[in-house]
Amino acid sequence: MNFEFPFGELPAVMRGPRVERRRVLVGGSAFWGTIVEAGAHAGRLRLDDGRLLDADAASTLPPVSPSKIMAVHISYSSRSIETRDRPRPTATPTYFTKPPTALNGHRGQILKPADCRYLNYEGEYAVVIGRTCRNVTPDEAWDFIEGFCPALDMGLQDFRDTDQGSMLRVKGADTLLPIGPGLVRGVNLFEQTLRTRVNGQVVQEAHIGEETIWGPHYVIADLARHITLLAGDVILMGTPCHSRSVDAGDVVECEISGLGCVSGTVVAIEAPRASALGVGHAPTDSPEVRRVALGFDERVPQWLQDNLRRAKSRGST
Amino acid sequence: MNFEFPFGELPAVMRGPRVERRRVLVGGSAFWGTIVEAGAHAGRLRLDDGRLLDADAASTLPPVSPSKIMAVHISYSSRSIETRDRPRPTATPTYFTKPPTALNGHRGQILKPADCRYLNYEGEYAVVIGRTCRNVTPDEAWDFIEGFCPALDMGLQDFRDTDQGSMLRVKGADTLLPIGPGLVRGVNLFEQTLRTRVNGQVVQEAHIGEETIWGPHYVIADLARHITLLAGDVILMGTPCHSRSVDAGDVVECEISGLGCVSGTVVAIEAPRASALGVGHAPTDSPEVRRVALGFDERVPQWLQDNLRRAKSRGST
Amino acid sequence: MNFEFPFGELPAVMRGPRVERRRVLVGGSAFWGTIVEAGAHAGRLRLDDGRLLDADAASTLPPVSPSKIMAVHISYSSRSIETRDRPRPTATPTYFTKPPTALNGHRGQILKPADCRYLNYEGEYAVVIGRTCRNVTPDEAWDFIEGFCPALDMGLQDFRDTDQGSMLRVKGADTLLPIGPGLVRGVNLFEQTLRTRVNGQVVQEAHIGEETIWGPHYVIADLARHITLLAGDVILMGTPCHSRSVDAGDVVECEISGLGCVSGTVVAIEAPRASALGVGHAPTDSPEVRRVALGFDERVPQWLQDNLRRAKSRGST
Amino acid sequence: MNFEFPFGELPAVMRGPRVERRRVLVGGSAFWGTIVEAGAHAGRLRLDDGRLLDADAASTLPPVSPSKIMAVHISYSSRSIETRDRPRPTATPTYFTKPPTALNGHRGQILKPADCRYLNYEGEYAVVIGRTCRNVTPDEAWDFIEGFCPALDMGLQDFRDTDQGSMLRVKGADTLLPIGPGLVRGVNLFEQTLRTRVNGQVVQEAHIGEETIWGPHYVIADLARHITLLAGDVILMGTPCHSRSVDAGDVVECEISGLGCVSGTVVAIEAPRASALGVGHAPTDSPEVRRVALGFDERVPQWLQDNLRRAKSRGST
């Protein structure tokens, strides 16, 4: 089929040289810059106006301003296996959305309301659209990609029982999408490894080329059948197995070789005022909520189970 | 409870005088104007620059530019009754989203791809947010509303079987949200009647005050528990019973007394190119699709059944 | 110098094949499409969703959504000659701005308030920025260009005496920038000819390659020395000689070979309400206003003087 | 006249209670909040999600996202006196623009390129538009104001000799508009005092009510005669006398009683790369540049001259 990979020839967005663009807040104003790839200043951030910064010295803003954010439910084989009793398994990708207000930057605060228990991490990569895209084939789709970013698709699973599958409140609350630190071109995505860490401990790991069920070109062609994708729009490409809950104070990271590492810290906030009045679906601790929030450890690959057990016995989690 | 209606005192957004703002395209440029409410020019559109137009002489643009569009699944009692075998009935409102690219204006073309059969209408009113809103009570929520618009929440039910409930492809395709013609303040929403017509025939009818399960103030307070609503954001407030499919050439209208009438014409387009390559979930004709697309005529109120039967015998549908 | 032209090798944005993108309003919704370049449908507009339209059947929207619009005062030799008694001639380009609210589409209505006399045309081409650009050299600047559009930089010269040179009210009023119909790549700008017509009569004409003083690459490098240019930003590249005033009912066109033709019709509107109260600088008929509005016919090239005289004797103006 | 002040009745935007809204970056995500006006937490920032912060603990973002920024040249009597030999004195206000890329936040870095000498401060207040506004009278204009902010209208006077009065490069370079920290309603602007400080030393001071030549209502009505003002648009209201140059390392503040204090630090950056190639107008040290950059100390009011002399003798400047 024409939308298979690996490819005879890599699409331009995955051919080198690597370019990483970041947007940072320096003293009240946002600036774009490029990570220096080689030489004495390798790893530092060269702002477009010429200033050279330690890449971590500035507040990193999301490197995207999407008009819409779409996300694939499941596109990794290990995740597909772990959730195989999902009510409706699918032969084609399925999608949900997150509102732009969910955007968060690298080193973001991920808010966990006092009445919620199950805030789950999902390490992912995001595809960023470069220009208006509608009615394209998978082959053509690569040309509409601006680049890729690491991302954390966080979810308040306490709201799993509401919204009839749209997951608006599970996935759509403010701060639930740390993304960045940069927007990267020139890296062969299918040779990269994704790792999610909680407090330094690896909790998800996947080789993207080996685990991917549907590539970005397929997903773009699928969505653009009926929906116009605009420059800046973001597609989250799903997570591998072992999404689990985190607590206030935990530091969550998603590192993708070649792309970079985005992190966030879970911060407790008080419950919403309207909740105290009985407004809306209350956070719930149901079997369905627990099924997703807690997952199935026995379906996680043995090597990851072993790693997690060893880490636990060392007391590092 | 503090979020009940009717109210002791009407909130400002529902107190007169009525003001209807429209945005129109006149020869390549968009202009805002106000409908003249009384006198010799009543019903005409006074552009802000002083020009007076026949309100229908210009192309009417959507009177909103939302960063996000949220929609209530069910908030009318007749719709709740009609869909009572829905898998997960709810004691609180549930929501899905539509991307901004779904926006369409009054007298829009509603696109129906050649491989789809079940394009359903849903007449609704939309609530438009006036300023940043987060963590408010229902009592406070009224102050964050800019106004109301008629809307048609169209859906390609052929995609009901995919997206696991998010309905991204059912409700999110381009053109599936005709909204307008104006953005209206100063009308008591709960005294108004909503009517959807297909080719002139009434197919939905509801008194908003009598049928509403959750008012806009409740819905805003519910969503703003976790999601920041921004000026311009749109909330679609659900539809009454008898959403049904329409075909190419059909003219669909949603008229709400006090607010106005938005219309759209169904236009056939060819199937997406990627579909021909086997990309993505194919439009499907399944029992679940038919359940929603075709509805349950016997659960529709008797008066509406009678009206529809009489119209049919007159041959007007 | 490295920013000279003609070039050894044409920059990508000027190398073929030609691509013209348009944004049109079809029944209330905006759609992007591409002009068919060859074959049975040459000249028609293929919307991205597959529909084929007569390019003129839809309302054409501006093909740009800039965050800022900058304009070169003088960049054509004939204009430089005509205005040679300008107070401050310059060895480098100088710029002013137009607010985004001045944008107008092809076949737009250009508003002329009742208290103004001197609405002048200036046929131009616009450069559209494709991605964030700061601190670049002229050589590099070409890569930041998305494409080119015909444009009419209209001006209410009655306000020449105010704003101390910023021309905010001369050039910034609503509708004073018809631009389009399309955004074009793949055309060698320096081989094209610009012609402005009033009611069909040629009133400006210039070969871009022969008359250009500073090319787009120079202008971008100049502006981006201190100002970040963002994707979508527009730079108007100046007009050749013989900018003159037009009246209500006049049809003004700017046609640039290879790029297309944008037109607008002058429409009279009433004077602003605040003007009647004595607010603000009144439209003025001063020597400086007349110097710019009426120009110097004797400094216009002889062939253009001859053309205009012949047309006048035929009564066509 | 109907646009005089003081007023019989204060417009709503100037009537209490005071409300100050701020937008801050907390760990990668932007949040809106309100300053607590009274009680134990007075002066702290209550984010909309309930969190309480020290107002200075977070990075403060500009509290506005304008589509355009307009500025009055001169609207203070002391400034009018100081610049009385300006070429074209005016009986009505005149305006220029700054591009949105010039926006900077409270505690911003104000960039001074290595080849520039004359970076001047101008302490001002900004008016923020609340909703679409066109063709209004001064009386009506108050209703279109969202609120007020302190601002620093910085200018690179080295470019005074170019751009023929538009001041695009003088006033429009990146970072030249620190604005904030908050957007304030409920304060009688005409009872407030504006003070600009450099390194703690007062260098400008004006009682707004006593010095204002044209109020915001007049200016809005003037601009909206021909230009549609959109929600979020910003109008800078001019500066009092004694705008002077500052150097790298200087801290500039504009404090307006009732509104708050915005500050910025001057930071040296290298000269643009294109300048080294000879592109564009070079920064210039001409008599006209010096006239504006250095001002006329002898025309500054005696009390301010005395203050400045005393401060100088104490060695604090």
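So that you can tell them apart, the chains are marked A, B, C and D in the order they are listed, and the count of residues begins at 1 in each.
Here is the rule we use: a contact is a pair of C-beta atoms (placed from the backbone, for glycine too) under 8 Å apart; a residue touches a chain by one contact, two chains touch by 3 or more.
What you see is a predicted model; the values in this text were computed from it and never measured.
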item: Each chain counted as touching chain B and chain C at once; value: A, D
item: Copies chain C and chain A - interface residue numbers shared by over half, same or different; value: same
item: Chain pair with the higher count of C-beta pairs in contact (A-D, B-D); value: A-D
item: Whole-Å gap separating chain C and chain D, where each centre is the average of the chain's CA atoms; value: 32
item: Intercentroid distance (Cα basis), chain D paired with chain B, Å; value: 43
item: Whole-Å gap between the CA centroids of chain A and chain D; value: 40
item: Junction residues of chain D - those touching two or more other chains; value: 31, 49-50, 134-135, 174, 228, 272-273
item: Complex contact set, residues of chain B against chain C; value: 25-29, 31, 49-51, 59-62, 103-109, 111, 174-175, 178, 180, 264-265, 267, 269-270, 272-273
item: Sites on chain B touched by chain D in the complex; value: 21, 31-32, 48-50, 132-135, 228, 231
item: Chain C residues touching chain D - in the complex, by the definition given at the top; value: 1-3, 67-68, 70, 73, 87-88, 90-97, 99-102, 113, 134-138, 156, 161-169, 172-174, 218, 221-222, 224-228, 230, 272-275, 277-281
